[in-house]
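This is the structure I want to talk about, given as structure tokens.
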């Protein structure tokens, strides 16, 4: 037994590497189910979305970059999936330069078919991803969704949208056409014409600014997804009701996926992450047990 | 005994000095009458009526019963007497949740008017500011007749412009009392546009925009710095326009104002005093030590181990690997790391042990070569030096880590130093170094990486110890004196200031919370 | 001050852009020496030379000049499929190293190490569902769980320690800067 | 999928596995990836530094590119010739210093490179001295000057308590702690931590005791920051695994 503990103490670190690798990758394949408890802040967001009637228009603001991809990308994917399944139209913008590109990536990810797309008046616009098919649903660029790209100006962009949406985002980002050409924009003149704002944020500008300007000034409900580091900072807005739900980190993403009924990367990664975490904790415990077991022996020898 | 007296007097006098050096924010030019009355000729009313707008009194809300009404008073001169021209009762419809409006339809075109509002409350009569002179002007008719429940967009007022203090020019600060329509959570407001001109008569050009709301809570004003192509020395005029729903309302024109560069930051008086004390103290102890006075410096375990670590590499006939971080020469941590390299190189030269310094910046390569060469020269071993001991890998963080990792695995150095600025690669390097059984001595001032070095290295110089290392290793009196100086002029001062002001703040916390904010602001840097 | 700082920072950028020639030439020199002298692993030095020249030539001549970083350029292709996976993987190795370092380092050898271990342990446990599970096993009421203890450690004990470190760093930098400006510390230029 | 993208995924996967193979042991596969990594990243920075530092700051800033019609904005040289001061004209000095730096290539006059080095080190020392004193020393002092008890929070506890009691919950431990002990812990931790760094007095007696408390605070800080980052480090690796199993092999979505 003593020998065992001594060996354990000087264990080849490659054993640890293998365990961590397995802990992270096995759940990806096995799609293990762990029961994720849906916390109230995620439920609030889901309920708020559920109350929207069909055809409601949602502003999706992607305020993050690839650095936060593991945490926020699943929220974008499950969000889009939910919008598509429930016939909600969405308009993508970004207060971070890379945000709208991340949104494109998320759409690509959930789309099952990519096809060319002909606009009603016969003008061909070929891009390759114009038609997005998710299960039985098909959505079209410019009619059911649109990507308006990034705009400089942080919270001022929000303020500008308050008086005139077109002033803040004159053109779409895929074709550089005036937004008036797309039917999805009919009647969308200012921020308060939107029914909901879905904000994915990794810092400034982000959820804090959306709450301050969009909610407080223009009374559009905002639901947000945040990185785990960012989430505690906007937590207080939940209590005051200024924020209509919050997805915090990978765990929040996984809870949302559970509600949406789509097992995405957050759910799968949650298991991986938790498993790896538990193994690290276990290693620490084992290391200490082995340490005490051998130290006791050594001190006796010393006597 | 003397020293104790000195310390006590330091503790007592210093906070006062700091208090004196502290220059509070400039006096506000903005006035705060209880109602904040603003009066203007009604826009869109060709009959030339005048509209008054003021913030409603406390208690004037849906539940109000106690105070019956506001009296509207008018005069044709700023002095008394004012005549009552109307009343607004508390139960009348209101313009916005926080404001009241009154339309004076008896004003005639011609004379100038002055207005004020008063109200009999339980505490007595409260009167607003006197606003005027205002003249009735027949405004071009609007599309629809204006009713009292319609919201009139009022302009921001009391616009003041001044050169942004304590900066390097190219910036002018605007400060204004927000429009009465600019109410938190109001849907009826879209922010402000800033207009600028080089002459009072224009043309004015829109140079910026900003959101609504008060930015300086304490003084109740909105401030904004205009830094858009502001040329130093040019006179500018400004006005600010409130906007809502396509309507605008412009403030007074303020100016002329010129921006200029300030060499000394007046608000940083405290900073200057404290920095001055620190520098004086360091200089004093450097001289003190130069004069041959003995100074005690406590043992720093990580630095005591340097000798042993270099010795071990010698015994084992293996090399010493020195990593000066991944930042360039414009980072003090790199420079501190290189000063340590100088000491280590000298030891290595004396012990005739091979030294290996991969670097991730070209400038660091040049500097490190100079240092190592000089160290070998000083140790009397210039023949052992060779430029290839210091070599460049790549500027890239992880590319560098990959290269160094491979190097460690192949050459298996006996001793590894990590001294400088590190980021996420810290643990990648330190774990690899650990796996080959090297003695590792790390030192960095990156707080986020310290835990990883502490976990994976044998010794870690924490923050300040990195900067003290060169002095400690050299054992030179002058350098050791500077350590004593930073203890006395920095830590002791911090301690005494903190103690005195914490006591003050604690006392204040039981009586007046405004005082705490004032105390804290003494040390604010802006 | 600000203008001066900007100017110096620009100077630094420009000088470092010159200096990278020294570094790059040094890298090439060492690699070529390795190949010509047929030193150990000389074959890999060829890979370094080729990949360096490849990206430099592509970057300067085949990627649209100033727009070299734009999506779809050849430089971007090299960046996306070679540089970026290499970099991301190296970064990802941290997950393994974090695990092996915590196994080895977090042992209750003495009082200090025990404190280190406990803080790390509580924070790690408090941030996973595992912590909530453990809390409910111990019948801890809501609000008095391990995650709440984690908050206390992160927001108070951790912040206090960070502050002490930051103040020390400020003093160290002032003192070192002063020594350099006064010319007492000359070892950075090799002189004693 | 375009062909170049498909090939790209295979190349990316090759390098991903190559770097990861280092975990097992040093091997030729890793050596190759390492060599490519060093070369490609050095080249990446070489190109970037030219296009992002040298070209815009030196050539555009001075107006050299404008002179040759390669850029449409005037630079400092044109401004100064037109009688208007432009601080960028000082970049000429940087150009001189940069060239002095390259003198390294000629061993006999290599010592000239000490000049630009001294300029950088000297200006860094001066700038850092002031900025760090303000940002790290003064602002930390400001945040340490707080009352021992946060009366606002203590008064707030009662309200929070009744609200939560209505839902049958307790006041969270961290809120209690923050109100009563938070400030004291911050003050004691900062001051004792500072004492640990005190170099010029032997750490014994009361000072030694305080320094010891300080070390414990530092240890908690290190432990907590370590524990806090474990989660995010794991997510980095998950990202790579998804690349391998999903984007490349298509085994998972």
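Residue numbering begins at 1 within each chain, and the chains themselves are lettered A, B, C and D in the order written.
The working rule: contacts are C-beta pairs under 8 Å (C-beta built on N, C-alpha and C of every residue); 3 or more make two chains touch, one makes a residue touch a chain.
For clarity, every value in this text was computed on a predicted model and none was experimentally measured.
*Asks:* Among all other chains, pick the one whose mean CA position is farthest from the mean CA position of chain D.
*Replies:* It is A whose centre lies farthest from that of chain D.
*Asks:* When you take the mean of every protein CA atom shown, which chain's own CA mean is nearest to it?
*Replies:* D
*Asks:* More contacting C-beta pairs: A-B or B-D?
*Replies:* Between A-B and B-D, contacts are more numerous in B-D.
*Asks:* For chain B and chain D, what's the span in angstrom between their mean Cα positions?
*Replies:* 19
*Asks:* Which integer distance in Å separates the CA centroid of chain A from that of chain B?
*Replies:* Centre separation, chain A to chain B: 32 Å.
*Asks:* Taking the mean of the CA coordinates per chain, how far is chain A from chain C in Å?
*Replies:* That gives a centre separation of 26 Å.
*Asks:* Go ahead and note the Å separation of the Cα centroids belonging to chain C and chain D.
*Replies:* 7
*Asks:* For chain B, give me the residues that contact two or more of the other chains.
*Replies:* 275, 278, 329-330, 332, 335, 363, 366-367, 370, 392-396, 398-399, 402, 410, 447, 450, 452, 454-455, 462-465, 468, 483, 486, 490-491, 494 - these are the residues of chain B that touch more than one other chain.
*Asks:* Residue numbers in chain A touching 2 or more other chains?
*Replies:* Where chain A meets two or more other chains at a single residue, that happens at 13, 17, 20, 24, 273, 276-277, 280.
*Asks:* Taking each residue of chain C in turn, which ones touch at least two of the other chains?
*Replies:* 1, 3, 12, 15-16, 19-24, 27, 41, 86-87, 90-91, 93-96, 98, 100, 102, 104, 106, 116-117, 120-121, 124, 127-128, 162, 165-171, 173-174, 176-178, 180, 188-189
*Asks:* What topology does the chain touch graph have (line, ring, star, complete, other)?
*Replies:* Drawn as a graph, the chains make a fully connected set, so complete.
*Asks:* Applying the document's contact rule, which stretches of chain D touch chain A when the two form their complex?
*Replies:* Touching chain A: residues 23-24, 230-232, 234-239, 241-242, 245, 251-252 of chain D.
*Asks:* For chain A, which residues count as touching chain D in their complex?
*Replies:* Touching chain D: residues 14, 17, 20, 24-25, 28-29, 69-71, 228-229, 250, 265, 268-269, 272-273, 276-277, 280 of chain A.
*Asks:* Which part of chain B faces chain A closely enough to touch in the complex?
*Replies:* 184-187, 189-191, 209-212, 243-246, 435
*Asks:* State the interface residues of chain A toward chain B in the complex, per the touch definition above.
*Replies:* Where chain A meets chain B, its residues are 13, 155-156, 159-160, 162-163, 192, 213, 216-219.
*Asks:* Can you list the chain A residues touching chain C in their complex?
*Replies:* Interface residues on chain A, with respect to chain C: 11, 13, 16-17, 19-21, 24, 34, 36-37, 251, 273-274, 276-281, 283-284, 286-288, 291-292.
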